[in-house]
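In this document, chain identifiers A, B and C correspond to the written order of the chains, with residue numbering beginning at 1 in each.
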């Protein structure tokens, strides 16, 4: 039982980590707290479900398609809705409040649209339910593939952030915004790209999530909250921190639901969150 | 002259960086003293340590017989230390007058109501903003915002006034007015400790000055004598453009 | 304090309006009574929310955490204690929780506070659910109190008046100055002698205590109470949006936001329940883009512009 909990936790944690990665890029670089992030994840899940059930595609193909779609949608969202706010606001505090409120609006708008179109029931499709044997634990094939892809996408992104010019610019904006402008980095462009990249990760995370579990039209909120907790635990803008924290949260959730009660997973997440905030408000991995 | 403020071996570390290193000095009641030093020498940090914005890593700060080292800023303010900030900081949602009333309302004993209004208006008058109490801070230009800060600092009749580059960015005629204003304050017996880059102002206002470099005090004494010591010339004046 | 003529006129006007409002149930049927109760519940919630969040700009989503706590306290205690005593207990519980939460979170930066306050309600709900199923074995409780809807309405009307009075009083006092300065720049407030932590904590606790009482007074209306019913996040969001629409920094702002939105959402939930979320979302976006400072500020701005001529 311990090893199955461990594996379930790892799969969950891998997906969470991917989601948190997207959010930490959005918040760290574009400085927008996107509370509708989880709704984009659910959009990715719905998209994958439709591709599988209506168009008869393989979920992995849908995952590949979800990436550019998530990117494009978030690019548009930033340009049309969020950038005007960033330009209007006089202070970072004002932008923070405005972006929180607007993305709350988007959250409800998107949730409402999902509910009108799909209803409030559990959604999902059957894919690779056959168990695979890992270290003596039987686990559904879809879960394993989901984890593999979460790790793959996360690793690719990490490499891109470290090795490419694209990533270096973005990290410069995240860590030293005042100097990034001095060396000729176009802040607005970086912010838009970061926001769009985060959106691509969200959609991909949703596609992966749908491969191994059911979801509802309103699940986005808690995904956002979990991703946020992970981002803050890891330290805003810290990619490795987000990865590790994601896995910690995944393991804790799996552990709590097995050992105590499945109804307490969120309470456990928040308890950890509170401890982190009080103990290390800049993140577990800050120096 | 009795001692008003005493720093003894005060050190402030930020992680591995030592911003203020074993600094000791004393301000006598009624003195006007300048704190000089190149950028990054720890001047603003010293101001923040005295006002309580930052806690010192070690050492002691005594003000008027009280050990203020461990006190939070609001307690220190109540004891009679006022300050201005390097970059203007005002409460934007309050009127100019209310900005000035605030330290009166939270002084001990507090002043409120009509009396507070009167004192706030008098402070505004004194800094040259008479009749502008109903304006919003955002409607004033930068210089006038600085004046509001000064009015806010002097309104509660502090014993010690900390000015953090209050005269930076003034044009020559404004600088004249500003120097006269500060001199007028000094003449009332209030102790003034000012961080300033403008040599003209320091020479005119401060009979004594303290020079910091890389977090340590390298000179302390009568202004002209201090400014001519070789150490100071090398550390600071050699690099400054506005000597 | 000296009373001037305008104060006396205002007082007489206020007494007449409140008396009129108190007499309203006599003219209304049962359904109308319930509507009034709901309306004043949101007027009070939005005003109490704005009491803390308006000037400090801490966006709190903890509203339903306190509201639900109040309602649930009544559900647990209504058979053992008289209603008035239960209200006092609820008030005390609200105060204690808010002080604990405030001490832990009011040092946090804005975003962290939003997230934590949102999670708080969910955490309390999960903990109560777990406690009730595992320990007491009674998930779901009935509230039977010997009070009519009209009685409850009168209590809420009184609480609404009290809340508005507290907001007005704070606005006139040193506390009002301090809390606005804190919202603008905590460092400035601190250096002016304001004990920032204490002021924030006090306002958060007052706001939370009122919200807890609203939940407690509303509790008998539910008759049957389960954590998932009284801890619905919608309450937090509606409260927030009502206060913002009217303008959270003004005494009357939340009232002006609560009245139209309450009726709108009441109408939506009976006629277009599926579109509730969509409309809520659009209003959020609309407020930020069209009336960022609230409707009252907008109206005031229009008038002053007319008077002053061309000033923008």
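What we mean here is this: contacts are C-beta pairs under 8 Å (C-beta built on N, C-alpha and C of every residue); 3 or more make two chains touch, one makes a residue touch a chain.
Not measured: the values here are computed from a predicted model.
Should one ask which of A-C and B-C has more C-beta pairs in contact, the pair is A-C.
Taking the mean of all protein Cα atoms as the centre, the chain whose own Cα mean lies nearest is C. Inter-chain centre distance (chain A to chain B, centres taken as mean C-alpha positions): 48 Å. If you average the CA atoms of chain A and of chain C, the two centres end up 32 Å from each other. Centre-to-centre spacing of chain B and chain C amounts to 42 Å, using the average Cα coordinate of each chain. Residues of chain A that touch chain C in their complex: 33, 81, 84-85, 93, 96-98, 100-102, 104-113, 115-116, 221-222, 225, 228-229, 232, 261, 263-264, 266-267, 269-271, 273-274, 277-278, 281. Contact residues of chain C toward chain A in the complex are 57, 59, 104-105, 107-108, 110-112, 114-116, 118-120, 122-123, 126-127, 129-130, 133-134, 233, 237, 244, 274-289, 292. Here chain C touches chain B in the complex through residues 55, 174, 177-178, 180-181, 183-185, 187-196, 249, going by the rule given at the top. Considering their complex, residues 51-53, 72-74, 77-78, 82-83, 85, 89-94, 98-99, 101-103, 105-108, 110, 112, 152, 156 of chain B touch chain C.
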